[in-house]
Amino acid sequence: VQIGFNRRYDRSHRAVREAVREGEIGALELLVITSRDPGLAPLSYLKVSGGIFRDMTIHDFDLARFILGDNPVEEVYATGSVMVDPALKELGDIDTAMVIMKAASGTLVHINNSRRAVYGYDQRVEAFGAKGMVQSDNLRASTVTRFGAEATDVKEPLLNFFIERYMQSYLDELNDFIDVVAEKKKPSVDFEDGRIALILADAAWASFQSGKAVRVRYD
Amino acid sequence: VQIGFNRRYDRSHRAVREAVREGEIGALELLVITSRDPGLAPLSYLKVSGGIFRDMTIHDFDLARFILGDNPVEEVYATGSVMVDPALKELGDIDTAMVIMKAASGTLVHINNSRRAVYGYDQRVEAFGAKGMVQSDNLRASTVTRFGAEATDVKEPLLNFFIERYMQSYLDELNDFIDVVAEKKKPSVDFEDGRIALILADAAWASFQSGKAVRVRYD
Amino acid sequence: VQIGFNRRYDRSHRAVREAVREGEIGALELLVITSRDPGLAPLSYLKVSGGIFRDMTIHDFDLARFILGDNPVEEVYATGSVMVDPALKELGDIDTAMVIMKAASGTLVHINNSRRAVYGYDQRVEAFGAKGMVQSDNLRASTVTRFGAEATDVKEPLLNFFIERYMQSYLDELNDFIDVVAEKKKPSVDFEDGRIALILADAAWASFQSGKAVRVRYD
Amino acid sequence: VQIGFNRRYDRSHRAVREAVREGEIGALELLVITSRDPGLAPLSYLKVSGGIFRDMTIHDFDLARFILGDNPVEEVYATGSVMVDPALKELGDIDTAMVIMKAASGTLVHINNSRRAVYGYDQRVEAFGAKGMVQSDNLRASTVTRFGAEATDVKEPLLNFFIERYMQSYLDELNDFIDVVAEKKKPSVDFEDGRIALILADAAWASFQSGKAVRVRYD
């Protein structure tokens, strides 16, 4: 089974993981993931999506795990609001969320989500540690910059959504998948990764409901 | 009484507040404050500082309130770790912390702190809303940028600490104070601001101890 | 005939041209093109390349014309040095060059070239006019940024050379070519463009030899 | 005699010089100075200013010399146009100019000037050499950055003019001057520097008039 966590294949996010893994920033102390969709999915989808933590934050939970490596998340706190569309309230869902997680080594992880960022698909990662910081930033379709009487350094909006932003990731993931099939290699993302991300999503939901940090149980 | 929340006078943070106040980014949905000291204060100070939330995060609580305007914080969740110096553990304190707060309108606020950022004093604010985002970034002593075989766009470390970073703020605050004294104006930061920031700091501590989001009581 | 001036298809350079054409920056007053190769071509190639203006600057001459639109270059001044490899001197060629051109409307154009930039293939365009400025910047393989005790904002080297940097341009040019063949359209770069770029290259060489600005004759 | 070349005291320009002097970028091969005023000076001033090379570019000539160190300029080519205000034509002056100079070691220097940049006072330096590049960029009053549906990374206009931009330089120059007076030290900018910058300005004017590169005579 090969699960669709394509962000693991994004060159910039991947470089953050490598920097952490190779000790470039020393012990990982803070991990901040910004993850905002450009606009609300159709309500027909949202009705069956399982809620923001299962349909949106789940990718950030997986990305956090990818960077944390063998430093498992032990505790999850999550909260949220309906700020974008009141219809979400009727569905029992939210559209704006924040999460804090604590990993075994003491590393603190923050995720923030919005279902609507007017400036494009906002996907950033910041890993902070004893020896420095490494960040992964957004992509734009060009490098054009404008200067005028009112504003300087003006760039175009971010790439619109995951198809555009994670194009390179999808291609690399596909290549990886072909290698897995052809060479019977172990896939780099597997069923267990999907299961754990879902456990974190459900812990976030339980925390949101209870107002308490939730201890994560993986068994 | 004029309280020393000089960050309110920082030109860039102030511009974030103005953008929010004038509706430039629409309803404020997410507020993210990054606040990391360049290095650990002496243990002799830390012993009597009252803990990270009272001696360090308190400035971020005030800055959050400054930007939130008349949208009061209702709930605080905080957690933390000892990652920088084990001596903090003996003092019953922490050196690495994350906070999430929820304001009356539903706005979510995140603060992350470290007592040691090797690249300098890291003070950033990001306000995200229905119509866009506005950020306040760090300062450096010059604009020099280097390009070499191994790295490009290389800039110097951030200004080292609050004296350097908030120099302009201190001067503006001092001018404001002189105006207050001379013209018997109402100070723009007063005793009540200090009291509320302290309430938030204590709520954060209570949350950290209990693992629960704490409802804030202002009376 | 379809000539290989692929830079015309680069999204960012193209956006500069569009901004100029649509009057976004008003009358074009200054155009600055930075164009530096990552490293020296093999001497065997350099021996037959026709010299720096014909083998390297020629692409910048065409790019300048692309942005100038119907504002023809009237005068060329060029100079240069051998700074990278003394072997160029024996070939009667140079490896470091600067050009100034004046167009009919008075627009001034500067090009600077080096055959060796250790930080990667440096390709920038800056168009300055009555109402503002628009720039096209370099590309990198990722958006990773590093912060450490000695340096901040550190990015990786630029994409290494034209294959990587102008990949998107080549694909778009290829698509354009297919359209030309299939639909018998007029190609967007044609033989005449190649002829004129060569005239400018030869004017540059004549200027370099004489130390005088050379009036360009197109017939 | 202490001459008013305050740009030598700008922290960022100074860091470029230090990088060059300490061999950080190897042999200096290309030096590019961008220098554009925010708006036209009053005609009453322009009438007696001595022309663009003597009243505006002269600061750039001095800055170039400051960075070149003991590598004297041997040849100057200059050209220009009247693009900003036709009144300049009646005064026999220009408002838009480009210069190329060649120094003894072969280093090529480019300066471009405009008397009107709507986005503020534009003062940049780029030194390129065998081992890399170092740049000095512009200053803004704050670090605020805006993201919206139409544009991202939007910053405010540059600091308006030399009083704002070179404030720090003026203060440092003043301190230096006080040291010179008090301690009878040799001033770091002296009469000879003023004389040479004027020689370069006059060579530029002669080149502009003749259309030829002019060999500089310092005696």
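To keep things simple, chains are lettered A, B, C and D as they appear, and every chain counts its residues starting from 1.
Please note the rule applied: a residue touches a chain if its C-beta (ideal position, glycine included) is under 8 Å from a C-beta of that chain, and two chains touch if they have at least 3 such contacts.
All of these numbers come straight from a predicted model, not from anything done at the bench.
Asker: Can you list every chain that touches chain A and also touches chain D?
Answerer: A chain counts here if it touches both chain A and chain D, which gives B, C.
Asker: Which chain's mean C-alpha position is the greatest distance from chain A's?
Answerer: The chain farthest from chain A, judged by C-alpha centres, is D.
Asker: Between chain A and chain B, tell me the centre distance in angstrom, where each centre is the average of that chain's C-alpha atoms.
Answerer: The computed centroid separation for chain A versus chain B comes out at 25 Å.
Asker: Return the distance between the CA-based centres of chain A and chain C, expressed in whole Å.
Answerer: 39
Asker: Averaged over CA atoms, how far is the centre of chain B from the centre of chain C? Could you give it in whole Å?
Answerer: 47
Asker: Among the residues of chain C, which are close enough to touch at least two other chains?
Answerer: 118-119, 131-133, 145-149
Asker: Going by the contact rule set out above, which residues of chain A touch chain C in the complex?
Answerer: 11-12, 15-16, 19, 24-25, 131-139, 141-149
Asker: How about chain C: which of its residues touch chain B in the complex?
Answerer: It is residues 118-120, 140, 145-158 of chain C that touch chain B.
Asker: Under the stated contact criterion, what part of chain A meets chain B in this complex?
Answerer: 27, 29-30, 32, 34, 36, 75, 77, 79-84, 96-98, 100, 102, 106-108, 110, 112, 114, 116-119, 122, 128, 130-133, 211-213
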